[in-house]
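Chain nomenclature is as follows: A, B, C, D and E, assigned in order of appearance, with residue numbering initiated at 1 for each chain independently.
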Amino acid sequence: MQPAKYLKYLSLPALFGTDRTKEILHVNPTVIPIREEAQEVNLYIYDYDATTLIEKKVGDIESCFGFKTSNRISWINIDGLRKTEVETICNHFGIHPLLIEDILSIGQRPKMDEVEGVMFCLLNMLYFNSAKKAVETEQISIVLGKDFVISFQEDANRDVFDPLRQKLAIAQSKLRQRGADYLNYTMLDLIVDNYYNVMEKLGDEIEMLEEELIRRSNPSSLARINQVRKELIILKRNIAPVRDLINSIIRSESDLLEDRTTKYFKDVYDHIVQASDLCENYRDIMVSMQDLYINNVNLRMNEVMKVMAIVTCLLAPATVIGGIFGMNFETIPYIHNKYGFFIALSAMLFIPIWMLFVFRRRGWF
Amino acid sequence: MQPAKYLKYLSLPALFGTDRTKEILHVNPTVIPIREEAQEVNLYIYDYDATTLIEKKVGDIESCFGFKTSNRISWINIDGLRKTEVETICNHFGIHPLLIEDILSIGQRPKMDEVEGVMFCLLNMLYFNSAKKAVETEQISIVLGKDFVISFQEDANRDVFDPLRQKLAIAQSKLRQRGADYLNYTMLDLIVDNYYNVMEKLGDEIEMLEEELIRRSNPSSLARINQVRKELIILKRNIAPVRDLINSIIRSESDLLEDRTTKYFKDVYDHIVQASDLCENYRDIMVSMQDLYINNVNLRMNEVMKVMAIVTCLLAPATVIGGIFGMNFETIPYIHNKYGFFIALSAMLFIPIWMLFVFRRRGWF
Amino acid sequence: MQPAKYLKYLSLPALFGTDRTKEILHVNPTVIPIREEAQEVNLYIYDYDATTLIEKKVGDIESCFGFKTSNRISWINIDGLRKTEVETICNHFGIHPLLIEDILSIGQRPKMDEVEGVMFCLLNMLYFNSAKKAVETEQISIVLGKDFVISFQEDANRDVFDPLRQKLAIAQSKLRQRGADYLNYTMLDLIVDNYYNVMEKLGDEIEMLEEELIRRSNPSSLARINQVRKELIILKRNIAPVRDLINSIIRSESDLLEDRTTKYFKDVYDHIVQASDLCENYRDIMVSMQDLYINNVNLRMNEVMKVMAIVTCLLAPATVIGGIFGMNFETIPYIHNKYGFFIALSAMLFIPIWMLFVFRRRGWF
Amino acid sequence: MQPAKYLKYLSLPALFGTDRTKEILHVNPTVIPIREEAQEVNLYIYDYDATTLIEKKVGDIESCFGFKTSNRISWINIDGLRKTEVETICNHFGIHPLLIEDILSIGQRPKMDEVEGVMFCLLNMLYFNSAKKAVETEQISIVLGKDFVISFQEDANRDVFDPLRQKLAIAQSKLRQRGADYLNYTMLDLIVDNYYNVMEKLGDEIEMLEEELIRRSNPSSLARINQVRKELIILKRNIAPVRDLINSIIRSESDLLEDRTTKYFKDVYDHIVQASDLCENYRDIMVSMQDLYINNVNLRMNEVMKVMAIVTCLLAPATVIGGIFGMNFETIPYIHNKYGFFIALSAMLFIPIWMLFVFRRRGWF
Amino acid sequence: MQPAKYLKYLSLPALFGTDRTKEILHVNPTVIPIREEAQEVNLYIYDYDATTLIEKKVGDIESCFGFKTSNRISWINIDGLRKTEVETICNHFGIHPLLIEDILSIGQRPKMDEVEGVMFCLLNMLYFNSAKKAVETEQISIVLGKDFVISFQEDANRDVFDPLRQKLAIAQSKLRQRGADYLNYTMLDLIVDNYYNVMEKLGDEIEMLEEELIRRSNPSSLARINQVRKELIILKRNIAPVRDLINSIIRSESDLLEDRTTKYFKDVYDHIVQASDLCENYRDIMVSMQDLYINNVNLRMNEVMKVMAIVTCLLAPATVIGGIFGMNFETIPYIHNKYGFFIALSAMLFIPIWMLFVFRRRGWF
């Protein structure tokens, strides 16, 4: 078959593309990132304690510096990464150069680090792109220091921490009553909770795929199974290390974490463990589904081949009978008989019917 | 094949439904639960020590409050969950808000927590729905405090703890002699014991399935294998984490647990470990069964194809002979011979018989 | 195919029975055992030290009571379990009710427990039933106390500890020189040693099966592979937990165990570890064997199909030639030629021979 | 089929060669290496502190000896291994004979050792040979001592540490400010970073392979899948042990490592963990790809067989009809009819068309 | 197919024998060994320190006794095991009876024990029997005591420790400078080094097998794959436990081991770890190879079936045309035409050619 034709036959090209494979394989956290400088950078500052909340969007990074010395909790949220700005603020807040590198890097594995008095978490927010049916990631870095939290997001257009802002607005909320570690917890909690949403949407895909497989599996089903398997690799890669991350926080003896916050991190831990388990369940289901697909394809193929073989087989005796009486011998019995033709015809008809009967009795179709 | 027709052919739709897949995949313990408020809530209070047993069903949650200060062990059992009532009682008994969230959540992974002087266990009671051949779950939360146990069940209509009530009625029972931790143990023991009943019923299904596979496997067998595999995922998901749960209790150094109760929890631990092992055995058996199914399908297919091929092959020489003597050459030997036709016919008969003989000797069928 | 016929064809029914599956799946150690009361109970008492050996078979359980206070080591061996008797003796020797439950239970996982001054081991003796080709189990409970060992066996007719009795009869034997812990070791050693005998017999089965597979695999081979896989599940289930059991004894700090006995338990541990490894080897061999079976079946099927296809293919040209000269055109070359028929016949013969030659050269059969 | 012909048909011989298998299997780190003495040995010495940098290429090994006592950090880089020279320098610097053996050995597993006051790392630099599409290794040994680092490379022609030299040239660089342990870190970091480059190139291969598989899989695709699987074995074998290596450094309590360098090693550790994970992802992708290949081959085979079977089946009725009216009975209906022939011909045409219609409706092609 | 014939066809009987399976399965280290008493026993004594070396072959075991009290290191090497002699010497050197049992046993798992002041290592020397292409084992027991080493070998004809003797002869060798623990190390090192030689020879087999598979796979290839898989089981079984053995020595706190020897044992440990890894690589390669074999078989089968189906299919239209013009209708067009026959013949020729053209364009062969 010609390549193009075959391709057309076999799949929706969009499903079978190799782009996703490229994204899975080409991870290199060690190079100096060829990160495009963000076009737009949004800086939000929230400076709060139980009684006061200062909230403002600032234009340049230096405006944040003053909040370092406030007695309140300061949350500086930076949407969109530009090298100079990240370095400026990190240097001001005394964040180690290695962490700056991590913040600016691409394709890092989620991890937690305690370096020189700050606690650093790097993990990925996940989104499900319904159009491409793909899991997308956005790298989030969170720096927890003494009475401040600085968060870095890759994409200025997505608002990950919106629910957080709503809670901050409420003076009685626990968030306002507690310290910076609780703010850090709330962020991680938000991110982990969102994993479930992404899994739920991927779950919808899997369910639709299963329905399709049952109703009418076709080669494009295989393409979609393949696609989902790749998404599961992406998913697992982003979720599994977060387990270690949260666990490291729980076991940390950092002064930045109050004892009473530990139980909240344990709660996040429970959720991330369950999410990991769920990923395994997804995999199991996909394996069953591939088995199902292959079985369906085989069943249908067998069905076709069987019918063809049976038809061919049933018609063979008729061919033989036709051959017998088509021989040019002088003396052939019944040849001059008036009903000879019809007797032969009957034989041609009844032998297959008898064969059919035998085949059925043997349960062959 | 048309979808509908194919589906009809391939399976009992009930077996191949995707509903179960949905339930397996769509777990989200992090959202605020869209739990329907229970229509009916039953509140039972048991206040007992070795000599006295006060047992009553109360109408409103506030009636329980008095028992907090009794010198006896108080067991408050709440069948059916409504947000306000759960919050009311938990606040009164000083249970941490995070635990309240857990009690009200849906789809939590079984876990154990020690928070501010209470020990909290959340796990699932399992039931086997014989009609749907499905494992069903009911979330049970147990809060063990100083001299009290509060248990929360989702469903007011199922009576999980009935055997417990019977034991409570007997003054000499160990339950009455011991403290609240022993009551907690008895509850966990009841739940774990019930896992075996569920597995036993699922085992009956598997056994029937195997019998069916041996006698006459058909495409619906595969559907049922698939179905059982999904049930095993559910089963494992609910049983495996309970192992950690019980182990955490054993290793706990909480004041709520008396030393002499430990050996009872160890007993439960032995049972849950064995249940986990058994789950693995179930999986192994299912894998063997799927192998068996595929082998049976192949054996039958091979059987059919072989017979068809052999029949076709046996008749081919007859066709050739018919063709030979059907040619219109002027000079064909034996053509004018009186027995020519019968000689040809004999050849048509004996060549296949000889072939059959050869095939059989070679063990081809 | 009709069920009965198919079954007859496919297998020896005895091999493909589902009974074994039932036994594997239906384990429930938590229910009150529906254990039949033993018809026969044999009570043997051995009261010994380095110099004296009192050995007697007693009729009723109370006769054992006196030996509790003897200064010698007492071994009470109870063959056949009846509820009342087990409870009587256990209560007298101060054995915890939970252990009594374990002794009377059915289908327990092997385990070791230290409860209130006694060390309790529960494990299964294995036998290989050569007739059924099945691994059978007998539950053995061993209670080690201060200067006494009580052992409980399910079946009064099997004599597990016979070699032990022989050693006891010899005054110089190490058994007589040492304490009760050494007696306990000797029992465990006997049981573990016997595992190898069972595995050896199962190994004989596997070897015969392999020979059969190589010589002439047939569908019943698959049935037997399946059967052996089930026996391996039983085997592993009984052997694997004993590893933990022995390990717990070694790590135990109980006063009941002398230091100098530890190295003997380590020896048993080495053996049980090796037995576990061997189980894995058995599994690997079975996997290879199933691969071999499937390959053999496929090879033979391919063989048949290929020959059929080739025969059919070889005869096709003859049919065509027959058809060509069988056409009723007025003008057909060679038709009036005296040798025409023979020329056609030669073509019918030589074309297949040439094809055969080509096929062979291409290595197609 | 003749071997040569078959081989030609099946594969590009270059792809299916067994050379690579030989390299994978024949590892023997224990023999005295039959290492060819390097033809060319390059000796570079860098003696530096924050203010001074002495850099020179020396001709003979003895010229290095003086730097042992310098107060600056000395880095001796030896490109190309010759037994005498390695022994000379190691003896001078007090390096244990076992380490000398390791340096001169071939095929060692990456490892880290602390022996008599020096820290020894042995690992492999990886290169991707684009021509052979193969991962190549070069053994690197790094000895960290008090204020000196000696590095040994196998191949004088490859310049692994070039970026390092550039950093050394800059007086303000951190490398110049810190001790020998930081130099050691920089080397390991360089090597690990390079693993990603190799994986990226292998990833390109995999991506191209996937594209080929989708467009037109052919037997040589399988050869290439096989080839990539072998490269992945090589890759994993070289990367996985480095994880332990770095971890041992982090947990080491050697005086040679300053506390402030630990976080840099942790950074390398994060990268090597991620590289290991990525290797697993590569494997998963390869498994999917092999599944895809087999499915494609089967789909195409099925396609062909189905069409052939259908064509054969469709023509069978025509053969039968031809046979019917070719019989030599005296009385055959329609035989004398003017349109008889055309009626028969129509039947020959319409029966297959009707069959085709039925087959299509059943979805058989 | 008849058993004998089938067997002949399928395999080289030598390859498919079940003897090896028997050896793998029938391991029983617990029975009193039915070890044949060695026909020949060779006793060598080496009594040495840095300055002196006494080397002699003695005839009877008692001659060794004197060396127990020498101030030098004594190595007693016993080639060939006889019960009485082993017991005599062990009793004299105060070796625990359990160890005597181990020395005399058969089929033990490699292990290390510290009992009453001696350190005992039991492991297997491996040999590759090139004729049988099988891995053979010889059990070696090494007892390390205060200033003496006693080694027991099964087979008097194989000289395992020959390189050791050469080193002993050299007074300056490290072996002569160090204590008995270094002698013990040298022995283990020799044995582990030899594992690589065995693996290398097995690797040669695998490589040749792969070459054969690529060039012309036949059923005997499968037999050989099976055979190698069994050898790998043997290999892994003997190598894997040695890892634990060496590790136990390293972690041991025995007075028999000097601190400065530890790094040598670590070196052996590195080698045994790498050997274990290599075993896994061998397995991976064998799995790839079996995949390759099955693929090759399928490819060739598909090839044959496809050609047959196509030939059959191509000839079918000719048959039909022959049938059409062979019908006995009175009125058949072209029948009286002079060129009718040739027109029909052309159709018979051109239709298949056209079909061939279509098939090719679709890429079906």
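Quick note on the criterion: contacts are C-beta pairs under 8 Å (C-beta built on N, C-alpha and C of every residue); 3 or more make two chains touch, one makes a residue touch a chain.
All of these numbers come straight from a predicted model, not from anything done at the bench.
Colleague: To lay subunit C over its twin subunit D by CA atoms, how big a turn is needed, in degrees to the nearest 5?
Modeller: Angle of the fitting rotation, subunit C to subunit D: 145 degrees.
Colleague: Can you check whether subunit D and subunit E touch via the same residue numbers (shared by over half) or via different ones?
Modeller: Both copies touch with mostly different residues.
Colleague: For subunit A and subunit E, what's the span in angstrom between their mean Cα positions?
Modeller: For subunit A versus subunit E, the centre distance works out to 42 Å.
Colleague: Measure off the straight-line distance from the CA centroid of subunit B to the CA centroid of subunit C, and report it in whole Å.
Modeller: 26
Colleague: What are the residue numbers in subunit C that touch two or more other chains?
Modeller: 1, 6, 216, 300, 305, 309, 312, 316, 319, 322-323, 326-328, 332, 363-364
Colleague: Give every residue of subunit C touching subunit E within the complex, in rising order.
Modeller: Residues of subunit C touching subunit E: 189, 192-193, 196-197, 199-200, 203, 206-207, 210-211, 214-216, 263-264, 266-267, 270-271, 273-274, 277-278, 281-282, 284-285, 288, 291-292, 295-296, 298-300, 302, 305-306, 309-310, 312-313, 316-317, 319-320, 322-324, 326-333, 363-365.
Colleague: Once bound in the complex, which stretches of subunit A touch subunit D?
Modeller: Those in contact with subunit D are residues 1, 3, 6-7, 10-11, 16, 18, 21-22, 24-31, 96, 98, 108-109, 111, 113, 115, 216, 219, 222, 226, 229-230, 233, 237, 290, 294, 297, 300-301, 303-305, 307-309, 311-312, 315-316, 318-319, 321-323, 325-328, 332, 334-341, 344-345, 348.
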